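Consider the two complexes below, in which subunit A is the common component and subunit B and subunit C are the respective partners.
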Partner chain A sequence: MKYAYYPGCSLNATGIEYNISTKAVAKHLGLELWEIPEWNCCGASAAHNKDHLLALALPARNLAIAEKEDLDVAVPCAACYCRMKATQMEVRNSAEMKKTIEEVIEMEYSAKNEVKALLDVMVNHVGLDEIKEKVVKPLSGLKVASYYGCLLVRPPELGFDDPEDPQTMDNLVQTLGGTPVNWSFKVECCGAGHSTAKPAVGLQMIEAILRDAKENEADCIIVACPLCFLNLDMHQKDVTSGQDLNLPIFYFTELMGVAMGYSPKELGMEKHFVNPVPLLEKKEILRHPSARREEA
Partner chain B sequence: MVAAAQHPNIEIMTYAEVEKVNGYIGNFEVTIRKKARCVDEEKCTGCGLCQEKCPSKVDSEFDLGLGKRKAIYTPFPQAVPNVPVIDKENCRKFTKNKCGICQKLCPTGAVDYEQKDEIITDKFGAIVMATGFEQFKWEEVYGEYGYGKYPDVITGLHFERMNNASGPTGGKIVRPSDGKEPKTVVFIKCVGSRDEAKAKSYCSRACCMYTAKHAHQVKEKIADSEAIVFYMDVRTPGKAYDEFYEKTLEDGALYLRGRVSKIYQKGDKLIVKGEDTLVGKPLQVEADLVVLATAMVPAEGYEEIAKKVGVAFDKDGWLQEAHPKLRPVETHTAGVFVAGACQGPKDIPDTVAQASAAASKVAALFTKDELTTSPLISEVDTSKCSGCGMCEPVCPYNAIAMKTISERVPGGQRERQVSEVNAGLCQGCGACTVACRSGAINLKGFTNEQILAEVDAICL
Partner chain C sequence: MEEYNLNEALGNAKSFRQKIEEKSGVKLSDCYQCGKCAAGCPVAFAMDYTPRQIIRLLQVGLFEEALQAKSVWLCAACETCYARCPHGVGIPKIMEAVRIEADKKGIKPEKTLDLFTNLFLQSVEKYGRVHEMGMMVRYNILSLKPFQDATSAPKLFFTGKISPLPHKIKDNGAVKKIFENVRAKGGNV
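Up next is the complex of A and B:
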């Protein structure tokens, strides 16, 4: 199984562990990811507020390169996914727009290949059965709140799961041996850039998500978006109003990696602000060094 | 309903379904399946002993699952006729061949487990469609309200049942989850109505008024209560309607203009997130009970029955009247009338008015010995008709039937099929004249020659 891979800017910076863990897990599952050469910015958040054509042309260039190889595109970042999918739909629906875009990017692009979220590729195309076979350290006893955020399943025309109560990640958690948590903030807004631009507004939104997960007895939260991760993980200390929530955040690929026997280091998990290792040790999914020494 | 049941000229056939409708205005032949209720209507006195002693309890459909009924039951206390029916799926006699208490106890021996469906065919002069409405299934599309997983998010009909003195709670407003009295009740209007993205584009018309009534009832029945209504518009066109709404405001109901974006459970409270668009700010309410004013949709099975009777319906399934202003109770099929919510969402006064109009139309029809129909109807030239039958399925009024004629040909008699137009049913739409390949059908007043002459006049 081969996909074109569009990591996007975050996966080379704030979300580097998403990139590392994705590559590790994909390799383990025999999923070949061909990184689009010389990919450019997807235009998320800035371009579509500025200029409609720019917002479509930016992702179209990346998609056109993948189309030359006749590959479907796997997109880990939810914002990139949304922009690319929107471009694909617009080109499919309007011959006129297709022509305009092709002129702008100076490449042919007919949108014949699919744009898929990495989560969708893993769960629905690689398949849960395949993943289950590779699980060597089931996440027994780990209560996981799946957080989808705003762009993964919305707008409904672009998403691949129910826009209000999605289940894809919950099913994945179940397959990895964990316990999905039933909570109400699966698709709430994480505040995106507000945590930086307008902290009073943004931090409140982050806090609401973290609190609801905690109140529903989640041990951790998994996400499929680098911005959600950044907000929930890096800003966690800013919102707890003196109280330590200590709620580790994982990319879904990291938990897949853990269940498949990779060490936190191999998955880039030392980059987290909220250290997830103690939780995994407490649940005896990873062994504490002292336990290892004792055994030796 | 009791008055109708006792009227010498009215026969009510309950627990029955129309299987087939043949014929035409003044001469309908209707096949009705009278389902086996397993209780003899003639013998039953309606004493209710069987219902009292029946050991099987199931959720009551009439109380929308808020209360229980027995396996032998009448749907509600005032049901006409007061003869119970056995629910075969839940009756122990039918499922396990045990029990039989109702039969043993019945003082008149009316319970008959062996009763079979009865097929009745009878003649009728006119048909009034009054199949009504049901609630839009909000649980299937409104994920933001929880897809029906929160027990304390109910609909206006649930609320109505709770408010009823003979209802499952004896008229007390309670939370279905724990039976406690709610203090803060949130009402959400237009759930499914005026929401093209998720559901229906139309306004369901009755919800603004019943929500005002419900809010008023909350304020009246529960001390220190708060009734909060989220609305898009308050539509109160009707005699004394706006005054009633104003009264509800005076009672202290809080009307907030804005849609609710999300409901979720937090402890035993429901958090309702929305926006006050008049202030321009998002807001959050901790509610004990949420009541949704769900859209009206045509009753299940409307498509089937409309096709059987030959009535058209619109994109939403509402039965089509012949003219929205001038013929609001007639349909395009002569002798078939519409009454009530099956024609479109409406409240009780409108329903009663339309039903009365339909009844008057039927009475007027029956006073005449002969019918006058429009002369501009289709006509078959049997000498040209090849008997292909193409015209029969295209007729929306089932006015065309095939018949066998016998004609003289060189060397003797010959029998062949030709189509025939029923003058009582044909409405002169002209669909058959287009379908006819041999040009044998012509619409009087609009014959092919006449239309060609018109074309010539314009083009030449």
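Up next is the complex of A and C:
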């Protein structure tokens, strides 16, 4: 199975462990990711505030490069995914917009290939059966709150799961041996860039999400977006009750990696602000199940 | 409470309303003001007008008030309102269209959000990708908040999450060309 891979800017920077863990897990599952050469920023979180055409054209150049290779595109970042799907849909729906975008990017692009969220690729195309076969260190006893945020499941036309009560990540957690937590904030918005440009607003949104996870007795939260991660992990110390929360945040690919036997370091987890290793040690997940059985 | 002459406002606002409908692709009269958008909006607590009220301002032609509203800048484009709207009104598209119109007129009630967007796009035009560290340093200086997030900086730096050097792509100027071509088509960049 081969996909064009669009990491996006954050996966080279603040979301670097998402990139590291994605590559490790994909290789382990025999999923070939062909990184789009010299990809550019898709403009997510900024371009749409300025100009509609710019917001469509920036993703289009990347999609046009992938289309030349006749590959569907796998996108780890929820914001990039949403912008790329928006471009694909506009090109498919309007011959006039297709022509305008092609003039702007000076390339042909007919949107014949698909844009897929990496989570969708892993769970629905590689498949939970394949993933289950590779689990050597099940996440036993780990209560995981799956946080989808906004742009993975909304607007509803773009998504691959229910916009109000999505289950893709919850099913993945179960497959990895963990316990999905039932909570109310799985599709609430983390405020994206507001934590920087409007901290008084952004931090309040972040705190509400963290507190709801905690109140529902989650040990940790998993996400599929580098901006959600940054907000919940790095800014956890900045919210009012942040010091007491101590709620580790994982990319779903990191927990897949852990369950498949990779060490936290191989997955880039030492880069987290909230250190997740003590939790994994407390739940005895990092040790091989056979070792656990012997001691028992 | 201020008084408005709605007959006059409605008459004057026809062209503006048409413009917002054309840019957003949303018919404003589709909204029957149920308020479900406002109930679910995660940023409503910080807004001056709720999403429902923004649409009402546009429906009755109080477009100056809509253009001055902080709400259209505070909208995080999370799409919750649209997902829950019983009549499928594309509220985020309206917010986007009003914000762009306000921006074109130089009305920027939320200066830091405007600065963030501008610095982000400048970085993309210059390097082809966002250079997070460069953008944040410029943001902190220009927003006069030099120490915002400073406690996170050492960890980000030493784990290789931010780098002082931008990653420039070898695209032979393709991204710069995209910005130029959008400008040539009358784009607001």
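Everything that follows uses one rule, which is that the second predicted complex is superposed on the first by the 282 of 296 C-alpha atoms of A that agree within 3 Å, B and C clash if a C-alpha of one lies under 4 Å from a C-alpha of the other, contacts with A are read in each partner's own complex, and residues count from 1 in each chain.
The working rule: a contact is a pair of C-beta atoms (placed from the backbone, for glycine too) under 8 Å apart; a residue touches a chain by one contact, two chains touch by 3 or more.
Please read these numbers as outputs of a predicted model, since none were measured by experiment.
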- Message: What does the overlay on subunit A give for subunit B and subunit C, a clash or a fit?
- Response: clash
- Item | Touching partner for A:D165 - first (subunit B), second (subunit C), both, neither | first
- When the two structures are overlaid on chain A, which partner does A:S184 contact: first (subunit B), second (subunit C), both, or neither? first
- Item | Which superposed partner A:I16 touches (first subunit B, second subunit C, both, neither) | second
- Message: Going by the contact rule set out at the top, does A:E266 touch subunit B (first), subunit C (second), both, or neither?
- Response: neither
- Query: Is A:E217 in contact with subunit B, with subunit C, with both, or with neither (first, second, both, neither)?
  - Reply: neither
- Message: According to the stated criteria, A:E69 is in contact with first (subunit B), second (subunit C), both, or neither; which is it?
- Response: neither
- Message: As a test of reading the superposition: which chain, subunit B or subunit C, is in touch with more residues of subunit A?
- Response: C
- Task: Look at A:C150 in the shared chain and tell me whether it touches subunit B only, subunit C only, both, or neither; answer first, second, both or neither.
- Result: second
- Query: Looking at subunit B, which part out of 22-30, 256-264, 364-372 or 400-408 clashes with subunit C after superposition?
  - Reply: 256-264
- Task: Overlap the subunit B and subunit C contact sets on subunit A and report the shared residues.
- Result: 163-164, 188
- Query: Given the complex with subunit C, which residues does subunit A contribute to the contact?
  - Reply: 9-10, 12-14, 16, 38-41, 43, 45-54, 57-58, 61, 100, 103-106, 149-151, 154-156, 163-164, 187-189, 191-194, 196-201, 204-205, 234, 237, 270-271, 273
- Task: State the interface residues of subunit A toward subunit B in the complex, per the touch definition above.
- Result: 162-165, 184-185, 188, 212, 215
- Item | Of all residues in subunit C, those that touch subunit A in their complex | 23, 42-43, 45-46, 74, 76-80, 82-83, 92, 96, 99-100, 103, 110, 112-113, 115-117, 120-121, 123-124, 128-130, 132-133, 136, 139, 148-149, 151-152, 155-156, 159-163, 167, 169-171, 174-175, 177-179, 181-182, 185, 187-189
- Mind pulling up the subunit B residues that touch subunit A in the complex? 142-144, 147, 262, 264-266
